[in-house]
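We call the chains A, B and C, going by the order they appear; numbering starts again at 1 in every chain.
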Amino acid sequence: MSEERVGFFTDTSVCIGCKACEVACKEWNAIPEDGLSLTAMSYDNTQALGASTWRHVAFIEQPRPEGRTELPLAQGESTAQETPVGGDGELRWLMSSDVCKHCTHAACLDVCPTGSLFRTEFGTVVVQEDICNGCGYCVPACPYGVIEQRPHDGRAFKCTMCYDRLGAGREPACAKACPTESIQFGPLDELRERAALRVDQLHEAGVTDARLYGHDPDDGVGGDGAFFLLLDRPEVYGLPPDPVVTTRDLPAMWQHAGTAALSLLGGLAACFALTGRGRR
Amino acid sequence: MSTTGRAGRRRRRGEQPVVPRADFESYYGRPVIKAPSWAAPDIAGYFFLGGLAGAGSVLAAGAHLTGRTTTATALKVSSLAAVSLSAAVLIHDLGKPSRFANMLRVFKPTSPMSMGSWLLGAYGPAAGAAAASAVTDRSPRLGGAATGAAALLGPVVATYTAVLAADTAVPAWHGVHRELPYLFAASATAAASGMALVVGPTDENAPARCAAGLAALADAAVTKAAERRLGMVAETWREGRAGALLRAAQVLTAGGAVTGALFGGRRGGAVASGLALLAGSACTRFGVFAAGIASAKDPRYTVVPQRERLDEASA
Amino acid sequence: MAQLDGDCKGYFLMGENPAVGSANTRLQRLGMANLDWLVVRDFSLIESATWWKDGPEIETGELRTEDIGTEVFFFPAAAHTEKSGSFTNTNRWVQWHHQAVEPEGDARSDLWFMYHLGRRIKEELAGSTDPMDRPVLDLVWDYPVDGELDEPAADAVLAEISGHGPGGDPLSAYTELKDDGSTRCGCWIYCGVYADGVNQAARKKPEWEQDWVAAEWAWAWPANRRILYNRASAAPDGTPWSERKKYVWWDPGQGRWTGRDVPDFVPDRAPDFEPDEDATGPDALRGDDPFIMQADGKGWLYTPAGLEDGPLPTHYEPQDSPFPNALHPSTPRNPVRHLMPREGNRYHPSGDEKGAEVFPYVVTTHRLTEHFTAGGMSRWSEYLSELQPEFFCEVSPALARERGLENGGWATIVTARNAVEARVLVTDRIRPLRVEGRAVHQIGLPFHWGPNGVARGDAANELMAIALDPNAHIQEDKALTADIRAGRRPRGPDLPKLVAEYRSRAGITPDTGTEVRK
């Protein structure tokens, strides 16, 4: 890595769900449209990250009365009348822009048999379209469900953190387009410091739900190059609670495969030894 | 809004868990990880064919060494056929055949698929030479060496596919990354001994009948161990299409082994036993494949074990 | 209405899509079907350009293409990146944008269209002695054109609007304008936008090279003044109210107003100035009268004259409302509201009137981030369309239960004007209203869709009645009543039949909802 490692800090506490990141990403990277159907999942018609979706804004509507100070809007009986006709208590609307995590230990990169996926000088993980041969191994390897093969093409695509823009000294398109600085781009060390301060600030303000996700270099993927400030458990946003890079266990797997192969060899040898030579 | 799909899923058919399903949260019930887009006939088929070829080469070498020439030749041919078909389905799964060349750009121990490509690159010609020599009766020396080489590489061809599957985030595969190689070894042995029973003369099939018995015992034991290891994810091995296939696999493999042991001395019995073993092995591979897909498509199997792990760590 | 009555013969639509964006879109289309000619200039074939061949009334059989006499002209329009020109925002900043690329195909800028239309009309009328043509023939229409497309220089138009003095020199501010015919100006508020012969609106000095007022970023009308009535930032004695927030103040040394911004006051009128008894106009303003556009120089809470309805606001119910007016029981709705009762624009019974229960729910229309107004700029963009691909209605879980609506399913929403179908989004965000002890369910409808484009759907404005506020004549499309039922709407002639059935069930007559008082 010849340059400083850079990344994203996505502070979902200030995301307004405008989806400018999704559009900027598609415009800059010339990604095809991938579906024109209404999902009825709040305002999320994108559904998930994928071959043609490198930023995805999740919308979560939660009934969540506790922990919030409500000022009565009017005196008298109006509050007493708040007997719901249906389940209509207080609710909160969580929005969060998801992206490739650019893991420190990236399973997609590890398992790629062609060398198409590589670690750039910025510490990011990028697929080289001309080398990818469409084997699809990276897809189930990713613990976050980020990378995907494009239908009718077969090759895998995902966020490049705008590798071309980084090379020209520019920030990625999504961060540039974000109007609230929910998506922050910069040197990873700086972002981690900033994120820790932000969590403290939110805790002091009474937002006890605030937590960081993917910031810890000691987690199962060695820390994410794109990490998040969330207001609920990761799984609520469709993120795995405790992802582990699958290749962490690869030495053990090879060992067991070797032992199993030897067992096969030994077992069959034993059969021949037991049954002897010739016609039996 | 049915919001975040907290629990409350429809019950699936099949075995009901003793303990109630754990409450869990997800994003509208959508999967967390992406299931592989591999087609079952291609990839589960490859797992089966690789096992058949690899274990077949070992059996062939044993038969070769112990003078069971007919069986040896037949198995060498079947291994060559199986490995050729393997290569065909793998390349088919890539979409464009020309893309296969990129597999050979790098030699990458962290990628089981890269290792597998090189492995097949070495094993395939050995199996080919062994078969060619046996069929044409030429270059017996080279044939012998090739038979030996194929027999040494064969077990790895049979078991590395377990690493290929386990080295993913797919809960039903990665969760049994220790057990899966043994299951694949057992399944490969069942397939190869089944093939030996079908194509070999009855007076040469004693080792195959023995191997079938071993394979059936190992298959049953490892399947049990794997399900125990998987915890709640074992549901994916027991329910749905995967459950049906894996149950069929147990019945076919055990049945094939018992039939082989009792009636393998007769032609009809040997063929029936062999076909059952081959089918059983195929069911194991397709069953494991289906369990993996099912576990990837339901966020429960990604979220619950991870959440439990976190809660235990913080407790 | 004038179109339906046959009084209005022609219609120019430039960046407007009334077949989707205006109240009672069906009537809008029927109006356009009664024209002699219609000109549509837009990026895409919007609904207002194609209603005559594939509009909803063609499907219902109410219109037949061969019977429509309107001659429809469609001109593809150039986008802002394909032409030079200015945007004026609500901060009054006039911001110039430069052309980046030539427009594709037949697309031309609005300026190109208007200039060449004017030129051709003048050519057509050349030599006419008809006094009616005199003003057109006398019109100076001599903008320089440029490039292969003969694009008029937008810069030259701006310079003309800004104005020139007697010697042809550019004017700097509206204060230089004379009423003796010696100066020329297109519009007084823009006078000075081309001061010193420089396009002031094109200034793009970065924030780090100037102070926080950023007076050299673009240009603000009038006189590049960033905050109006800024004399009020100083106390009556001319000193800043707050040292920290000081903005414009009196400089006694120079005897002038000065500060961060261009002072919005007579430059040398001292804070203690008192006008003569007989002074008139601006001369009659005191030195501590900051609101110089008002006759008395004072800030006003309301305007005493000029309003149809006023001066102070009060509460009236919407035209179609499920409730009587708690504040004015005898006058539920604004008595001077502008109604247009006619076939196709019938109003609902409201409050406790008989038949009001046929339309038991409240509809409100709203916008989405992903689409822009009637969709002409966003529903043809794949990237925006995939984010909000279909027309939907938002309902509470309670209403969904009451009417058997399923999240992701279909619903039909009906008024006396029309019926539309929408996908259902069940959400706790939509709460029932509780008024006078009664709960009434709401239905939220984003209004961006129409039958054309990449993202298609029914237009929410099909449901609206044309009812206008008396002062500004704004259409009332944010509050009305309706019914909702599960499933898709009927097709073909069954659709108007359904709506007629609702009208008769609610007992709607030409007089329903038109009364001034109860």
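Convention: contacts are C-beta pairs under 8 Å (C-beta built on N, C-alpha and C of every residue); 3 or more make two chains touch, one makes a residue touch a chain.
What you see is a predicted model; the values in this text were computed from it and never measured.
*Asks:* Using CA atom means as chain centres, which chain is nearest the centre of all the protein shown?
*Replies:* So the chain nearest the centre of the shown protein is A.
*Asks:* Looking at A-B and A-C, which one has the bigger number of contacting C-beta pairs?
*Replies:* When A-C is set beside A-B, the one with more contacts is A-B.
*Asks:* How many angstrom between the C-alpha centroids of chain C and chain B?
*Replies:* 68
*Asks:* If you average the Cα atoms of chain A and of chain B to get two centres, how far apart are those centres in Å?
*Replies:* Computed from C-alpha means, the inter-chain centre distance equals 31 Å.
*Asks:* Could you give the separation in Å between the centres of chain A and chain C, each centre being the mean of its C-alpha atoms?
*Replies:* Computed value for the inter-centroid distance: 42 Å.
*Asks:* Going through chain C residue by residue, note those that touch at least 2 other chains and give them in order.
*Replies:* Answer for chain C, listing residues that touch two or more other chains: 397, 407, 425-428.
*Asks:* Where does chain A touch two or more other chains at once, residue-wise?
*Replies:* Where chain A meets two or more other chains at a single residue, that happens at 39, 42, 61, 63.
*Asks:* Going through chain B residue by residue, note those that touch at least 2 other chains and give them in order.
*Replies:* Answer for chain B, listing residues that touch two or more other chains: 1.
*Asks:* Within the complex, which stretch of chain C touches chain A?
*Replies:* Result: residues 368-370, 382-390, 392, 396-399, 401, 407-408, 423-429, 431-432, 434, 437, 439, 441, 454-455 of chain C touch chain A.
*Asks:* Using the touch definition up top, name the residues of chain A that touch chain B in the complex.
*Replies:* Residue positions touching the partner: 39, 41-42, 47-48, 50, 58, 60-63, 107, 110-116, 131-137, 139-149, 153-154, 233, 235-243, 246-247, 249-250, 252-254, 256-265, 267-272, 274-280.
*Asks:* What part of chain A is in contact with chain C in the complex they form?
*Replies:* By the definition above, chain A touches chain C via 17-19, 22-23, 26-27, 33-40, 42-43, 45-46, 61, 63, 78, 81, 84-89, 91, 93.
*Asks:* Flag every residue of chain B that touches chain A in the complex, lowest number first.
*Replies:* 1, 3-4, 24-28, 30-38, 54-55, 58-59, 62, 65-68, 93-96, 99-103, 105-106, 108, 110-114, 117, 151-152, 155-156, 158-160, 162-164, 166-170, 174, 177-182, 184-185, 188-189, 201, 203-204, 206-208, 210-211, 214, 218, 292, 296, 299, 302-303, 306-307, 309-310
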